[in-house]
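Two complexes are shown next, each including chain A; its partner changes from chain B in the first to chain C in the second.
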Partner chain A sequence: MAQAVEAPAALDGADLRRIAADHARIRRWRRRRNELARHCVLALVTFILVAPFYYVVLASLKNGTEIFSYPPKLLPIPPYFGNYEKLLWDTGFLRWMFNTLFVAGAVTTLKIFLDSMAGYALAKIDFTGKRAVFLLMLILLMVPIGALIVPLWSLVSGLGLTNTYLALILPPLANPLGAILMRQFILGLPRDLENAARLDGLGEFAIYWRIVLPLIKPGLVVLAVIIFTDQFMSFIWPLIATTSDDLQLLTVGVAALRAHGGANYGLWSASAVMSLVPVGIFFFVLQRQFLARSLAGALKQ
Partner chain B sequence: MNTTATQRAPAIELLEVGKSYGKTAVLSGINLAIAPGEFIALLGPSGCGKSTLLKLIAGLEELSDGEIYVGGRLANYLKPSDRDVAMVFQNYALYPHMTVRENLGFPLKMSGVAREEVRAKVESAAALLQLGEQLERYPDELSGGQRQRVALGRAIVRQPLAFLMDEPLSNLDALLRVEMRTELVRLHKRVGRTTIYVTHDQVEAMTMANRIVLLHKGLIQQVGTPAEVYAAPANMFVATFVGSPPMNLIAGRIESSGGQRLFRGPFDLALDGLAPAALGDGPATLGIRPEQVALVGAGEPQALPASVELVERVGPDSFVLAHLADGAALNIRVDAATPIREGDHVFVRLPPARLRLFDAAGMAVARERA
Partner chain C sequence: MAETVATGLAAGAAGRLRLSPAEHRRLARRARLRRELTGWIFLGPMFLCFVVFLLLPVIGTVWWSMRSGSILGGTQFVGLDNFLQLPGVVGAGAAIRNTLVFALLSVPLILVGALAIALVLAGIERGGSIYRFLVYFPVLVPGVVAALIWLFLTNVDFGLFNEVRRAFGALPVTWLGADHALTVLAVLDVWRNVGYWAMFFVAAIIGLPTELYQAAELDGASAFARFRHLTLPLLRRIIFFAVIVATIWGLQVFDTALVLTNGGPGTATTTVIYRVWLYVFASNNKVGFASAISLVLIVAILALTLVQMRLLRGRRGVD
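Then we have the complex of A and B:
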């Protein structure tokens, strides 16, 4: 501004208080405005994410005619539990759920153990052909599952494993992603830690078990979440590897519901909701721990 | 040279030790006997092989050549944990998932010491290092100095034959480093174990060690007490590496004329007694410590004119960078009270008794009269 600014006259206490109050008011107003804008955006995103899920939950609690009534009822009052009763008692749902939890649990447990050991070897032990092995694993990552199905099936059936739990558990163990991930985690541990352990008299396995494993816990949790959800949702291989109803997994069973018995949207919705429950619990429990630990690790350095 | 240390059987002895990675030799021809209770500093610039040498002694790296004896036993094929040495690492290498108590007790627990005994030893080490309050804390809840103490404590509880320390103070801030330096020396006096201390910091080496082993390019350059290494460097590398500012080196030639031997460089100097007759004519280098260069009046004999380029005041002393007539640089260390300013023209004298002569290969030449 071109106007000459007059030097402010001496201010007394009342003036200073008034100025401070003005600034406080402005700050408060700006803060509120920003917060409101932020919340509007968040609300929109939340709506987009939650609406379809809510619609499915809603449908699962309505009977066949209510589902198609117009305008749709936005609250399921009174709730209709017929879909859930039918799902749990008239279909193989509980069996599929057990199978899925058993297979996914077994794969996750075994794989975490194998992958962390493989990762330790790749990160910390010098052996002939280490580079070749690692390269091979990287290449394997690029092979799509579709290309593996046929040879895998002939391998599994050649071993006489079709229609066994082993057919569902063994093949996913060969996925190299986990070992590569663990290698990266373990490479990040200082070499001196291992040296200290060696001087303390630890052998190779003891170093892995007592020093490395506790320190890569965040990595293990990440890996567990990835493997478990991946197993929980895998469809193609379980579909091909098993024909027996007793070994059916959730994904396959729920898909079969759709193929047989006509269009029952309520039942389908109920199966979708129920399928999500264990993954939800698993995520919720592990993710909290994972978040806390990864943050602690980040601040340490 | 140093005879006090080598009379008893050495605690650690290295014979023709060498280490190479593929074709690159990192260390070669290392011979060293370390007496029980001695504090040895392995000093050298980064990449000189000092840490590798320490790891060879600890058994964390495999020898390519030679033999290592620890406590009189051939250690070449012993596991690190069987060598009766404890190591303190540069970045402490504390187990982050264990409390201080667990960290201190872990080596004992692993070697099967009874729980009660572990407890007693841990508490006494903690008391020695003033860690009593911190026993139940995790490493990431400790300050740098406390972590350093835990790392030391972990070595102490094992009561090993020797401590191997790999730049243990380099991660601490300057003030704490000086404090811990004193503490380490005190600890060494109290515990009295053989200590091998790797450092690139000459001040640490000079102040703490009984003897300094200077390493450069994988070879031992000199072994001696701090005073010996400072006053009588074995070669030009030692002369410039030890001391700050480093020893002045003045390049020139040795020439004989009319029965007299002269050093010809920026100035001419009669070499009476400084060089043995065996040393022929040829390139040579004169060395003198900055504090031994004397500022003199114009009229004095052997006074050389010099111009002052820079004066650095560092408290009690001033470091003066001056140039001789032909441009050769000369570092001079004078008392801070000396009235000297940049741009001044002064006269300096290099006392012949203080001069060191290095031959064409850079090796120190012994004076003719001892």
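Then we have the complex of A and C:
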């Protein structure tokens, strides 16, 4: 390679081919080296990010004395299942899990319809006040429920809803993110389709139901994933809205395990692991849609 | 009226349907009314929830912030007294300080880390999806559960951090003591959120025009030069967006502080929302102060939102 560059005058066709082959080899080698370096960096990063999970799973399979022993056992052999048995049968864990899935499911289902309808109106129908409504939604988009707990609590208790599922389901419906996202999705649809439908005499609702909804299905799935995970993780509002054990959500129940009944590391680790089971399943099934969650921010623009 | 309809029909009967101006106006008005009605019917259900459970509470916060007493009733109007007294009220100053320090610690770490991961991840050729899966997984962990997990990392006796320190012959550290608690909380937030923004940046980087990079490479620009003079400027707006949104999220920290440290030791990790909750629901009924400090947070978040909206409008102007 170096020789070839030094003696450019004496190049014939064979030399040129050789040089080209050398170049290609070096390129390939360099690319492979870069790829390897990237893999090493990523392996290290993911190891650091995932290690905490392994440590907790490990702790959950140890009994009370093993957790504290030093040096720590790095493999849980023989595994101890007492923590899980205690969690599942002696606490309200299964009930909390049911409540969380039920409330998150209800909020997701309702919001999919409300938001896609609102998004349709904001994208395709001209009516007075549309711009003002949209602007108001954008402005209040980031106001968190945690900053509104005082008026929300007095409102919900004024409506007589404390300690009902409705108290958990209604306030999250207010979040305007879904409507804004759906407006964006529907704006991206070609106008010809709905014009053709309109010429065929379809009413506004039929256009929404039969033309628009099927077309924005990918968007609806992404929205459902966003709403469901946000709901699964929500904490402060369920903490305040419910005092009855029967209505506690997973996050609130797990926090209560931590707050009451003294230090029980075995039980805590088991509850952490079990809380992640549904998350893991959903994530595994809907990986692509979950990752699209990150795009939601960009879509908002 | 009947006459004009008749002439309209007559014109139609004559071969071409031509509406009289009055009839045209009437039909246009009806179509418009119908459009208005359908618009509001479609928007209505969502907008009702939005008004009742978001707009009304924001206004309610302003109302409550000028009253004093208990949330259960019997409050009285005190004007701006709550705001004037706020700096002197137990815990209010510490809460605002803690929240700001938390955001200032966590947001830069999250975004620099996320950008670094994204740059490496976007360039990878094979096996990227498994890394994406693993990097993103902590994002889906509820704050309460994340805090529980971190109890196992930060425990003085058997926590992972101290095990690692011992392996290197260093002395164990009281991670949740007054010196480190807020930092640990910020690092926990980095662990939880770095994957979210990493995926966000990956999407942005993949969308960048490749011709520019090929040209730069032909011109002999080093990898760092390409990052410094191409990637960073191209991603400027995206990064700015991320800074603002991550900051807004950082200002809302509550559940990890409650579960990991109970806001302590003392008030070392008591954040703004934590303080609101304490004022109203955990101890004495300082509903006025709770609303006043909530309003400070809301105004800060609205200000950040407006900055971002201006920025995005600017982008639209350029494009």
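As a convention for this text, the second predicted complex is superposed on the first by the 251 of 301 C-alpha atoms of A that agree within 3 Å, B and C clash if a C-alpha of one lies under 4 Å from a C-alpha of the other, contacts with A are read in each partner's own complex, and residues count from 1 in each chain.
In the analysis below, a contact is a pair of C-beta atoms (placed from the backbone, for glycine too) under 8 Å apart; a residue touches a chain by one contact, two chains touch by 3 or more.
Bear in mind that the values here come from a model prediction, so they are computed numbers and not experimental data.
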item	value
First, second, both or neither for A:Leu94, with chain B first and chain C second	neither
Of chain C and chain B, partner touching more chain A residues	C
First (chain B), second (chain C), both or neither touched by A:Leu16	neither
First, second, both or neither for A:Phe235, with chain B first and chain C second	second
Chain B versus chain C as contact partner of A:Leu193, first or second or both or neither	first
Contacts of A:Lys130 with chain B and chain C, given as first, second, both or neither	second
Partner chain(s) touched by A:Trp153 [first = chain B, second = chain C, both, neither]	second
Which superposed partner A:Gly201 touches (first chain B, second chain C, both, neither)	first
Common interface residues of chain A - those touching chain B in one complex and chain C in the other	none
Residues on chain A engaged by chain B in the complex (per definition of touch)	190, 192-193, 195-202, 211, 214-215, 296, 299-300
Chain A contact footprint on chain C (complex, rising order)	35-36, 38-40, 42-43, 45-47, 49-50, 52-61, 63-64, 71, 117, 120-121, 123-127, 129, 131-138, 140-145, 147-153, 155, 157-158, 160, 163, 191, 194-197, 199-200, 202-204, 238, 241-242, 245, 248, 252, 254-255, 258-259, 262, 273, 276-277, 280-281, 287, 290-291, 294, 297-298, 301-302, 304-306, 309, 312, 315
Touching residues (chain side chain A, partner chain C) in the complex	31, 34-35, 38-39, 41-42, 45-46, 49-53, 55-56, 59, 67-70, 72, 114-115, 117-118, 120-122, 125-128, 130, 133, 136-144, 146-155, 170-171, 173-176, 179, 204, 208, 229, 232-233, 235-236, 239-240, 250-252, 254-255, 258-259, 265, 268-269, 271-272, 275-276, 279-280, 283, 287, 290-291, 293-295, 297-298, 301
Footprint of chain A on chain B - complex, ascending	55, 58-60, 79-81, 85-87, 89-91, 93, 95-97, 106-107, 110-111, 140, 154
